[in-house]
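Data block below; observations after.
For clarity, chains are labelled A, B, C, D and E in written order, and residue numbers in each chain start from 1.
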Amino acid sequence: MSPFLQVSGLTRRFGGLVAVNDLSFSVAKGEIVGLLGPNGSGKTTVLNMISGHLPPSDGQIALADTRLSGLGPHKIARQGVARTFQLVRALPSLSVTENVIVALAFGRKRLWGEAARLEALKRLEQVGLAHRAGQQAGDLTYIDQKRMELARALAADPQLLLLDEWLAGLNPTELQTGIELIRGLKSSGITILMVEHVMEAIRALCGRCVIMNAGIKIADAPTAEALSDPAVVTAYLGEQHA
Amino acid sequence: AVTVATGFGRAAWAEERKSIRIGYAISKTGPNAGGAGITTLPNYLLWAKDVQDAGGLELPDGSRLPLEIVEYDDRSSAEEVVRAIERLANEDKVDFILAPWGTGFNLAAAPLFDRYGYPQLAVSAVTDKAPDFVKRWKKSFWMLGGGHDYAKALAAIMADAGKAGTLNGKVAMVSVADGFGIDLVSAARPAFEEAGIEVVYDKTYPVGTSDFTPMINEAKASGADSFVAFSYPPDTFAITQQAQVADFNPKLLYLGVGTGFPVYAKNNSENATGILSLGGIDPANAANADYRKRHEAVTGIAPDYWGSVITYASLQMLQEAIRRKGLDREAVAAEIASGSFETVLGETKLEDNQLRKLWWTGQWQNGQFVGIAPGDRAGASQLVLPRQSWKKA
Amino acid sequence: MLVTAVLSGLVLGGTYALLAMGLTLQYGIARIMNLAYGELIIVAAFLSYALFTYAGISPVWALLIALPGGFVLGYAIYGLLMAPLVRRARNAASLEIDSILTTFGLLFVIQGLLLVTFGANFTSYSYLNDAVQIFGTRLAANRLLALVLAVVLGAAIYLVLTRTLWGTALRAVAVAPGSAPLVGIDVERAARMAFALGGALAAAGGVVISMYQTFTATSGVVFTMKALIIVIMGGVGNILGALSAGLLLGLAETMVATYVDPGLTLATTYGLFLAVLLWRPTGLFGRAVR
Amino acid sequence: MIGMLGYVALAIGWALFSGPTRYVSLATVAFFGIGAYTCAVFSEVLAYPLLLLVAGLIGLGVALVVGLATLRLAGVYFVIFTFGLAELIRQLVTWYEVNITGTLGRYIFLPVTPEGIYWQLLALTAAAFAMSWAISRSRLGLALKVIGEDEVVASHSGIDIARVKLGLFALSAVIMTLVGAIQAPRWTYVEPSIAFNPTVSFLTLIMALLGGANRLMGPILGAVPLFLLFEWLSANFPNHYSIILGLIFITIVFVLPNGVLDFIEKGWARRLPVAKPAEVHK
Amino acid sequence: MLEVKGLSLHYGRHVALDKVSLKVGKAETVVILGANGAGKSSLLKSIAGLVHGDPGARISFNGVPIQTASPHHVLETGIALVPEGRGIFGDLTVAENLALGAYARRARDQREAGFELVFSLFPRLAERRRQFVNTMSGGEQQMVAIGRALMSRPELLMLDEPSLGLAPVVVGELFRSLDRIRQTGLSLLIVEQNVGMSLAIADRGYLAEAGRITGEGPAPELLNDPAVKRAFLGATA
């Protein structure tokens, strides 16, 4: 498989702190890869650099044959990269539908008007939020906002989807629904890089995991193998999960 | 009340009238309020009271009509001045409009006075372009001279003192970066050069400057024994104080607007003595002295020594012209332009719509700010140089 | 010359800092953008002027009246006008707009009252206008007093904010007002205290500057804007930031006036301010509240 | 009337950028003043229509430079920055006039009648209003709203924040500049303290805020009544103008039960065309 | 010790809590389970006094009515809350955050003892006393939040989804700490999605659904209840 997303030598410093240190990994097209690691190991920072929210201090990111590093977030978005945020970023005073239309209007499809509205409703339905379409986004519960954020990301018609702890805070039943939803995306051909602490979801969804600790990659292997790596167990999983 | 007689035509209306409406827009708030509140507004109030006490404005037929005052606050904004004057003319339909405060505002108002046919007695406006303006706006009158007049008078004083050996012929000069300061300093430069005075320090500072220490220190080190500041009131006060702290004792000290304010004498008491500025009075003029007393009694504050008395005199001229010509604004304007009037300044007559008989330079002497230049004018006091050093309070 | 310029710059900066410190407390901790701040300064200036000219009370004594007076006034303004707005505000943005409009109104009210009471005239008197010799430079005692007061009050407030539990609580309210109740801080009381403290500082500033600066009933806005610039430049809510930004501005103005052109002092102020913001978009001392 | 129209145009121009993006700008008078000054500087050498064009271009140029510089600032830092900017421009103009040209005030003797000014302003206001209407219905309008809510989301949705912000800032600046240029002949005499009077910025801001900067009609609904209120107060209570005005402000804030912002946003939400709940079918 | 009776809460027209009643006994650990939006956070916030429910409810702690008390009064009676999202002071240091935990009058003179307790539970915080909290990782921040709550010397500690977003190793550590805390004699009221781990340290549990309490029982029983299993433990657990 030729790599679809290629990250090489990626580094990010905050003052003296090296949050991500010389990180390299790749994701093939259509793959779901988990990005794991203890709190503060730099996972969100990696997503931030891929999506263009933060410029890398060093290293390269490429999607298919396009170099992403150095581009602004709006350019990267137009290359087909969409994401959700660890702390949901809704547009609270816009309606739920409008939240989704934003991605349609400025994403790769450039839909506007009635066409955009219909497409937005479709996306909302996909995440199970159609019944809230007319509400103000700020009135939704946290979890519904997360759903809406996913609908927004999907509306951008992404090739690569970055999920930052999208499944966190769901109770076990909801978690199952969430897992099914993501699995459905995979079958539609979207490549996914997901950060998650919920092992159950990782095991269910990810074929492969990249595991970081203190900004450095400590494992990159098929999920079962990576999660039984002793280094990963001590740094991340703890004994009872091993 | 004014519209009672609609349908009777103008003549009928004029017969019915119960009062004479006088309107003005003045800066009661905003940055200009300080200046307007000293030079202009109290005089408008004083004059209105004087007229009312006398039973109203006298008309040619000997009858008297009380004043009805329409007052607007221009909030120190040119746009407001313009608007207020339009309203005075169009809506309030006043008989006469008194001038606003400040050079810029008088200019902003001039085209409107002209268009609506009102005479404009601009007092607190110093401009060298007055001769041009009177051509453009025939009913405009400019009563406070131009920067050149003041600068030339000062240059002459300094040149004389230089010849007499009292001064060393060098001057340090600062000016405020506003209409007034720039007008004066750009008139002063050629005037000084012509008079053979060397300008060794010449800087302009922005309006609102509160710390003059750097400028005073530079001036002190410059070797000049004359210091001239074309300043605004807050600056004038600050320079006076800071010069004392810096122990800066130029032989000739000339300061700008505010030197003639009553509060200046109060704050600086003896230390004011010898300081020069624009304006002044003839201490022997009884009419003026009487005016000053009444001003203080009625308005609660003393008048300044420069524009105040002229403002009042301009109102007296208007009053007298109305007495002679009635409410016809054309005729009143013509009368002001050509007539001769007895005012608190004494006999007053305009030349080419301008008041030229002014005190260009004055000096604090014995607790009064007296006119010293032009020295050949009747009532001029004798210049005293060098001024005394600062005394500790 | 250099020593003179530096010293006079610091002294000028002291005035600026003194004027700005109260605002940084009010805006940084109580989260009220107080556009009537300059009016509090002017009220104190008039108070001091009136006491001095009519009752012969020295401004130094007036300071002892003005400090608690400003505190009480701030306390009352917060309690009457601000607290209801804070209580009903749904988010920071709506509080900001409400408080801007209200204090804008307050500005007009105070200004109007001053105009009616004192008229629009330039007011000035002079007190302590004596030279003090330091390193061969003559400095005005009244201005020096402003510097000393700024440094002393600034340091005192800094120490209170950083070294006492109460001060830490005030900072906690500044950084996360929503979380403060969790540890038992009465946010409204803390904010009222900070606002009142800001009022006291404004009053102190007003008394001191009245000794050497001419003021009018309407000149408060000038002080508000200058103070705002210093507060923003130093970093909102940061006392040491306000102190350093004030001193920096004073120094810069004096240096430019001495060595370049006095005509550019204000341009320098604004230029420096803009440059600092472009370099550090949250002010010299960033966001951290110290 | 001219004054009122001027403020309506300024408020519309202001709200065009500051309304949706919530970047509260106090630079209004900087552009207004630039317009007025350009008019004064070139009034003798340029034909009148050309004069307006030049003014607009200068305003545009300054806006682009300023816009680029301020992209990083947010919140109150932006507010005070723009205020500082207006003052800086005023100081620089003053310094230039004093030291380079040696005069401060400038005279404008243009044969423009108040009626002429009135019609021009009316045309400008109408144009500005039409523009803000068109923008509010377009993709650009949505982009601005998103930027106002959350710039991170905006950029991650493919919105080129810098370009949108800059473009709108420039557009709103050009409108303000033209207002200044059109109005200047009314004063005859222009000096920095007249042209760059910060009150203009404050009044524009207050008018737009009270009317609702987010609504199409907001600036008009704010500017007209407030302007009339100012007029009425200064005509009837010249001595207590400030006090009454202040009390009115305070009252307005207190009478609106959920605050001014809520009042504005509610009105705005009501106008929202997209996706009313009833339209949604499962 | 804590007794809630008939507590209802509205946000506008939305009913977040509908006549909720529950009890927490002395030294008891109680878990509330429920779907998202069930009103769990709202319940904890009402108890803490951060929001006030509709009139008619009764909340009492050790017999003191607190349904209308302000947050700092509630804290003084001995209830501390670690909220969703932690609610710590990001721009302050660890030490300052903890010191503020003892701001309550009941805890002021026991500050030193509080520090000792917290540092013995979370030795890592002792090493990081001077670090700004917003530069710490999620797990460390959670420790600060819990530590700060403990500093107020509460008798009842309420935690809202403390394990959210924490790495598995930290979650394990967290529950071990909670277990230790509970052994010091504190009562705990925990809202958790991590049903297995929370029930493992709990004495009792409540089930919440759409603003109501729909079930209650001893923890081991709930852990084995098939309905609970289906609803809250998920098929694969």
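Annotations for the structure displayed:
The working rule: contacts are C-beta pairs under 8 Å (C-beta built on N, C-alpha and C of every residue); 3 or more make two chains touch, one makes a residue touch a chain.
Just so it is clear, the structure is predicted and the values come from calculations on it, not from any experiment.
Chains that touch both chain A and chain E are absent from this assembly.
Graph distance from chain C to chain E, where chains that touch are one step apart, equals 1. The chain pair with the larger count of C-beta pairs in contact, out of A-D and C-D, is C-D.
A straight line joining the Cα centres of chain C and chain D is 29 Å long. Centroids built from CA atoms put chain C at 36 Å from chain B.
Chain A and chain B have Cα centroids separated by 74 Å.
The distance from the centre of chain D to the centre of chain E, with each centre set as the mean of the Cα atoms, comes to 50 Å.
In chain C, the residues that reach two or more other chains under the touch definition are 111, 115, 261, 263, 266-267. Among the residues of chain D, those touching two or more other chains are numbered 91, 94-95, 98-99, 239, 241-242.
Under the contact definition stated at the top, not a single residue of chain A touches 2 or more other chains.
Every pair of chains meeting the contact definition is listed here: A-D, A-E, B-C, B-D, C-D, C-E.
Contact residues of chain C toward chain B in the complex are 1, 4-5, 8, 12, 15, 111, 115, 119-126, 129-131, 138-140, 212-214, 216-219, 222, 250, 253-254, 257-258, 261-263, 265-267.
Interface residues of chain E, counted against chain C in their complex, comprise 48-50, 70-72, 75-76, 80-81, 83, 87-92, 96, 99-105, 108, 132, 148-149, 151-152.
Across the complex, chain A meets chain E through its residues 17, 37-41, 86, 139, 141-144, 165, 168-176, 197, 199-200, 204, 235-241.
In the complex of the two chains, the chain C residues touching chain E come out as 165, 168-169, 171-172, 175-176, 178-179, 181-186, 287-289. Remark: chain B residues 27-31, 33-34, 36-38, 41, 174, 177, 203-206, 208-211, 213-215, 217-218, 221, 233-234, 237-238, 241-242, 244-247, 258, 261, 263, 267, 301, 393 touch chain C in the complex.
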